[in-house]
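Single-structure report; data block below.
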């Protein structure tokens, strides 16, 4: 985008109703209105365009961005770091092991103590069902209360960097990738996307990506098909969200019993492993009981169960039954690639390699999506602020 | 504070003699003159006001702030990060485990090697009696020498983020809280503050907070009463400082044998656990001998001894005997709250909860106190520099 | 340097051919042309001068600098942090333990995933022969390909923060120290430098410093003598580079069998420990086999072998046989100092102490060398950009 295109896009952004995002959090995509989703995607593209044109997106002279990673992360960690830096915020990580968080210290207290100068708090907490989102809500409540009580001079925004329910920075990047791939959000209408389970020998992965995908893609009028082996079901609330969305937004949502069924004539396939639902539930019970030994055994059992479905692999043969054999393959990465990272995994190496650059681009939207989420929560009149930055035209380098 | 009030405060700051703080460290409050203490408190308030009015406090285009945490920290870590960021400095932590600090490498060498581009070094080293302050003095000597020898292009300032003797960033925040709570430093004169030991089941906590409190509050003409069980005495040098201060500044310093005696008619109570003095001494001996196993046993014994004084708890009943039953309850956090973080602890949950917001505000001064300490050590004419920033009025966001 | 001297130096910089450094990496000094080496040294001095004159060197409004430390580091870590901050970049460390780098995830993928907003990637990977440089080349290839494929909006520059072959940020700092010590690069011609092994009781150190020294110093027309006990030879490729350089640049390169022979009439001595070549080879084999236990045993054996050469120590007696007994003693630090950090080590404490300040200054060039390397890879017309910054004259503080 050149400067004029950016200014046009800002003009169109100014017509979207995103006022409720101001001083608010981004936890679940289905808590956001259509205009808010659209505004976030558009802001991400505007910021990406500005950076490409070497226009500084820095809008904070100073300010902290707090990150809390309760699970490992590379992609999201660096995307969050990049996004915050792009806007002028400095990262301060809360390493819960190095911190003096007293046994029994309330989340309310910790949340306030780290937020005196914080503009944003990014949290990943995705392993335990019923935990991550609950924790984020509690942190959000705490900083909101802290702001109202005059403890915090500003209300830091929470960004969900993956919880047990949703992974909005991932799925919004995925959506932006689809929009650019198909040449506009209007072209997503009627496209079939297969969100399917796939075999992995590595570990019992969270449910948040497939849940996030069916919860978001059903908003664009797409035909969303979910497929997984028995026992690998997703949270019923989220399946309900997908169902409701499909009715409201004019697409469809269906469940299939095999990859074949889901892949048939699909325009997009998203085959990805996750843990059996019963394993997810057991994990939470064991976590609450503090039984680390048993957690490892559950993990082992999970991988044993996975093995029964080793043929759930995205092969070239399967790809051939997609729409003209040309479906777009997607993955949130890292993928378990057969013959590369493991003997048998989620995807054949030739399929992965053919879509490698496409996937890397897909991942590359994440910093801008996160920056967009932060930006819209920080400025009451985001379009005006963006126009001001573009017109000022301070070079980034 | 609006812009005019800030400019008035800067005008009054310009009359305080703080020239010796330039290129100097902040290690112990009693090393600082009355004007220097007052200037630090006032600068903190000015910076807080500027940030509240969205005036950027950034005075460094580039520059590093080094942090060295030899003990766990959340509040102080984030306060230091926030303070440095507010002024435009980037944090670089010295993680002694990840660093190639050769066995036997001198403190002098490490201090110089990390300081080539450092404006400030913040250190927490609070567990071992006789260690923390000594270490900070040695680092200060090293960077001073390095600067004189032409090794370091600037003389980085040390900020004591808690040592074995004092915790100045905490107690100065406490003082600022008291000043704002009672409506001016002049109103502290004659107020009775009870610094008392309280029971904790968690671990043998440092002596630096109670020491810092009696060493600082005796400067404001307050009636300071220290109470603790036998064997929980503080360093005699610091008790001497409190005694001397009380004579010089017209308040009083007394010791009591019970919480009741100390709380009687108190305007402020600060009940907080710390380790028995003999345990603190033994710890240092064991550390020097490198005996990690014995250190754990000492810790256990410490908690056993604490149990004898389980009734040293700040209860509602005790609060009733304070001045009109309305004393201000203070804690440096995190507190051991009975029935919340432990069965029996330092404070009843109803007392803690009633003063919760007050305590959070108390903690919220710390970033500005630290920023004030750094600022005064970096500018020969701090009032002029602040006025320049306020008049420039660059928005922070 | 005052502003006029800086501008003159920039004028002379503009005549050096460094165009190929643009969007390129700095991995081995012998991959760089004479002009490129000279431009890097000169840019470092210009940036150092600018900072000394309080002229901001900030040229990035935003941007990330990634660091990957596969071995411990203090000096280089802080130098890299300082250099990046000086230019306006924020550090984001890739901690491979905290990252979700899937088993079998390709270096290509990780390199792209962390680089969406990265301007520079600094890597230390120095323990295993045949590994570090190979890894860096693979990362460089990955981000280059990523940039060409449109995945990365910019091509991040790699800076070798020490590999198995070379340690260019160290040796370039060493060279700058020599140039300033002897009053100009032209004065290095004909100077004799003794790069010798020395005894260490600590651990089997990498070969990259001695290799880097003989590979770089032979470019300045110096007489370079390498000495080590039998079995402590360096990589033959690098010895070949030194040999070739000495022929091309009019100095000499020779090997000696003892410290005495090497020190005789030397103008500069650089006595430093490293591991036996066979140990370095065995380490790599064991690493590839994943045998951590055996690695520790090799380490023990290495130190046993070292003991045979305990008399390879830089003593006062040895210093006396250098040119007029006045050779410049150098070390990359930390040194094993006899009677200070160990019973017997690389250097007598009186020798070390006499040259302590000199060594600290030597180390102090590193942040500027790194900043120079980054700078030259980021601007097509570096002299123009520097002149612009100097003329703008934005104060750093």
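Note that the chains are named A, B and C in the order they appear, and that numbering of residues resets to 1 at the start of each chain.
Going forward, a residue touches a chain if its C-beta (ideal position, glycine included) is under 8 Å from a C-beta of that chain, and two chains touch if they have at least 3 such contacts.
Every value quoted in this text rests on a predicted model; they were computed, and no experiment measured them.
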Taking all residue numbers at the chain A to chain B contact, is the shared part over half or under half, that is, same or different?
-> different
Mapping chain B onto chain C via their CA atoms needs a rotation, nearest 5 degrees, of 120
So what's the Cα centroid distance for chain A and chain B, whole Å?
-> 40
Mind pulling the chain A residues that touch 2 or more other chains?
-> 90
In the complex, chain A touches chain B at residues 59-64, 66, 90, 92, 94, 98-106, 109-110, 112-114, 116-118, 146, 149-153, 378
Would you mind writing out the residues of chain C in touch with chain B in their complex?
-> 51-52, 56-58, 69, 71-75, 77-79, 81-82, 85-88, 90-91, 202, 333-334, 336-337, 340-342, 357, 360-361, 363-364, 366-367, 394-397
